[in-house]
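You will see chain A twice below: alongside chain B first, and alongside chain C after that.
And now, the complex of A and B:
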């Protein structure tokens, strides 16, 4: 078999599998563009016959979707900011300093990463009620830190450990302080790692469901995940085309990240998630 | 600021930098963890939060004849083992495929990641629409090609409900295996394959004798991580079937949620959560033992 023919064969196989994997998501987009009559038809069409944006218009003007979206943006951005700042400093400490308890902290962080959220959810719920934070955006940002911070810390520590210590030592010899060398020398070196970490944290927070389900019960603070599910159960007739439009809109940040910053995501996997 | 920090030296600067992390994780993880263990010794009514000490009573009940721990553990293990096996097989196969020279390879690689990063809510909505009894694509396609005669209630009957959850789980999480394995595959030197070819090794024996040992270590970690994550998965199962029909797909995390916020028994929920954690720890130690035994 000639190499060219083999390449064609493998490519066809790979692409048919990828279309199968992406199929449900393509179906989501197709459904969101179909008219109601076409969605509820016993003769399904693959592509919309007359594509329409009416469901998107309804979604953005007649539902609470824009409010949910705004909440999700605030929650995910705040979580990412808090987690990245804490994790950058913490990872610097774990990667570059020697002190008693350092290894214990590192292992504890790894253990935290494995902990089921359902174990923490009940005491966290009680804590938020006691602090008067139930039904606030802050409660979600605090709760999301519980799963995002261990992960971010682990990821950044791996990135920092990969940078040779010598460059910082040179800066120290030139009279820089530890923090000065950190900001001027190490930080620029691990910038790609910080971007990866920020993207991962943002996606984790954007997609989170369980904490939002338990901690927040009002439309003005509800994020997209629980908000869209409320739209599913509240309607008498399930409007699938509207829900598919909501799903597409909800995935927009992700599509942008995957389209333009995919390399950063893959690097995040290589560094922290797998090599541990 | 800077000179002051400089004078602190390594001795206190290191701990100082990690202090905020320790403080935050103490509040959102360590405290809740111990609080959950403590809570499991009480009977707590969720709306009023009135509580009564019951010692190990909750555990006795959940492990007893009327408790739901053992059946739920069974469901959890079936779900974890089946979806994990599918994830690994599909993931490794896809990674091998994507490691080849293909048309538009980088586009193919990023499309494969999509199910993993998309929100579980989105994934579940799409699949529930596909599984819709009247207008879902699954029923319509299968009826058209004559596999089924009447529409199937995919998520409302057994065994199709459990099967659906397992398949959707495999679809959602296999890309994790792909990325991890693919990263490792790219570092295997081509010379190893050339040497095997010279020895007359076929495609299968090249996979078994060269590829598999090389990706073995990564695969071990991937299996461990995914097993833990699948075992404690809440969103996907809860959103897809809600644990139904009756309790047929109710895994342990769903029981915890249901006890706490459906049946309003917070202490019992905490006991289920702790029992689940101990089970996970047990499996983890077994895994460590098995791995150590082999090497």
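And now, the complex of A and C:
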């Protein structure tokens, strides 16, 4: 095979993969812009013939969508903040302090991450009821934190363990406190890890459905995932165009955040300044 | 300024003893070099002085008070790490300024100090770079800059010149010595390069296998090595050793008398430095087995019945490998060691002259 043919082959493969991934997304956007009639037209159209924003207008003005959206923002932001703060401090401890049972704790953390979250539904539900937290935003924040924290701890511990201890020791000698060395020297080194962790947690909390369904059964605290479903999907009818418009708007925050942080994720992985 | 005292200092990692009981005292303002082969425990010892490793046993005293439990930040020390340990996300200027920033030195003063240090270390053009944009030698100079920007009680330097080229290294050696003379602070300098130890220090501690082999001035360590390890480690080319024998007041090598000796009979190891070997018309016959031109002189490897010794010859030496020569050594310049323990043996040595012996070597 000539190199040129090979290149064409690879390009074709890459584009078909992209199409496979992006296809449904494009379909979603297209459908959200079609009128109700066009969606159910017997001759399906790929692109909307007469694009309309009416579904977006309806969602934003006539439904509880904005309230659900606000709930999701609060839940995802709170979860991300709690997870990042706890994981950074916990990982620092697991990576840098010597104490009995440190390795056991680290393994337990990994084990927690491997546990299927479904088995936690009933215990967590009962726990929330006992704590009087059923039907609160806090219950979801706690539940999501319990899934995301083990992974976040593990990831950040790996990042921190890869940073040579000596640069923190240098900072100690140069007059920094233990925490000063942590903030001045270690934290900037693991920033890509922190951003990955935050991203992972935010997406998890934003997209989670099952626990939101079980733990929250009140309209004023429902997040987008369950909110949109209860609002637009009933036994008799699915409001496809509204659903698609809602889905597009649900994806927007994630797209913005990803676009914003992508650069940070790649940057900072540069070579260290410590000789081997 | 602080004197340093180590009392039975011991460090073990798991089941490995890395530092095995070191006792040492240096006065305030000393330039102490810890000299020894790679892996002998020099860095570990230095890290204990810095407070980064806790001693397994023993005490460290600065100016007469025990500092074992004082954390690194309060020992008033500056350190150059063997690995440099630069802050990767900071520029060269920020790296050098960091110790001052942490001690609340005002901005203007800080900048001036950084500029001064950069000048001495030839880093002025690199101040805005980050460590990963520097060569190994440049990184090492930044590490030095970060230590030299302050005037702590004690400087701890772990092979700070190892990655510099020859010119820069000798320049930095002079700079460090000048700095030491100017500010008179105690310096502890780790190296495996005996030339650095010889040229810079006021005190040398030779370490091997975690034990102090000898402690003294560079001249003492060179002239009277306490044991075979020290003797072979110090001086280039290395000291040559031969198995000798003391019998009836004579030191014999390969059965031939070499000198008169005031020592009891028995086996002895004889050490001979290259600069003490003289090529002569008479003496021990040997064959030139190797020649190494090192610029200003030529090193000859001579093999004969006394074993192999190294001799120095002028750069324009016309000998060729395979040639036969004779060499002599003055008895007073021989070093004697116990063949079993390797410890130095002191004995009066004198030449065998025609008045007391008919067959001088």
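Note that the second predicted complex is superposed on the first by the 245 of 276 C-alpha atoms of A that agree within 3 Å, B and C clash if a C-alpha of one lies under 4 Å from a C-alpha of the other, contacts with A are read in each partner's own complex, and residues count from 1 in each chain.
We take it that a contact is a pair of C-beta atoms (placed from the backbone, for glycine too) under 8 Å apart; a residue touches a chain by one contact, two chains touch by 3 or more.
Just so it is clear, the model here is predicted, and its values are computed rather than measured.
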On chain A, which partner touches more residues: chain B or chain C?
B
Taking the superposition as given, does A:132 touch the first partner, chain B, the second, chain C, both, or neither?
neither
Based on the superposed arrangement, let me know which partner A:180 touches: chain B (first), chain C (second), both, or neither?
both
Considering only the contact definition stated at the top, list the common interface residues of chain A for chain B and chain C.
177, 180, 270, 273-274
Chain A-facing residues of chain B, complex
1-3, 5-6, 10-11, 13-18, 20-22, 24-25, 27-29, 31-33, 35-36, 39, 49, 94, 97-98, 100-104, 106, 108-115, 117-123, 125-127, 129-130, 132, 134-135, 137, 140, 171, 176, 179-180, 183, 218, 221-222, 225, 228, 231-232, 234-235, 239, 253, 256-257, 260-261, 266, 269-270, 273-274, 276-277, 280
Per the touch rule, the chain C residues reaching chain A in their complex are 50, 52, 71-73, 77-79, 81-89, 98-99, 102-103, 130-132, 136, 139, 146, 163
In the complex formed with chain C, which residues of chain A make contact?
164, 166-167, 169-177, 180, 184-185, 188-189, 268, 270-275
Which chain A residues qualify as touching chain B in the complex?
7, 10-11, 13-15, 17-18, 21-22, 24-25, 27-28, 31, 39-42, 44, 86-87, 89-90, 92-94, 96-99, 101-102, 105, 108-109, 112, 114-127, 142-143, 145-146, 149-150, 153, 177-180, 203, 206-207, 209-210, 214, 224-225, 228-229, 232, 240, 243-244, 246-247, 250-251, 254, 257-259, 262, 265-266, 269-270, 273-274, 276
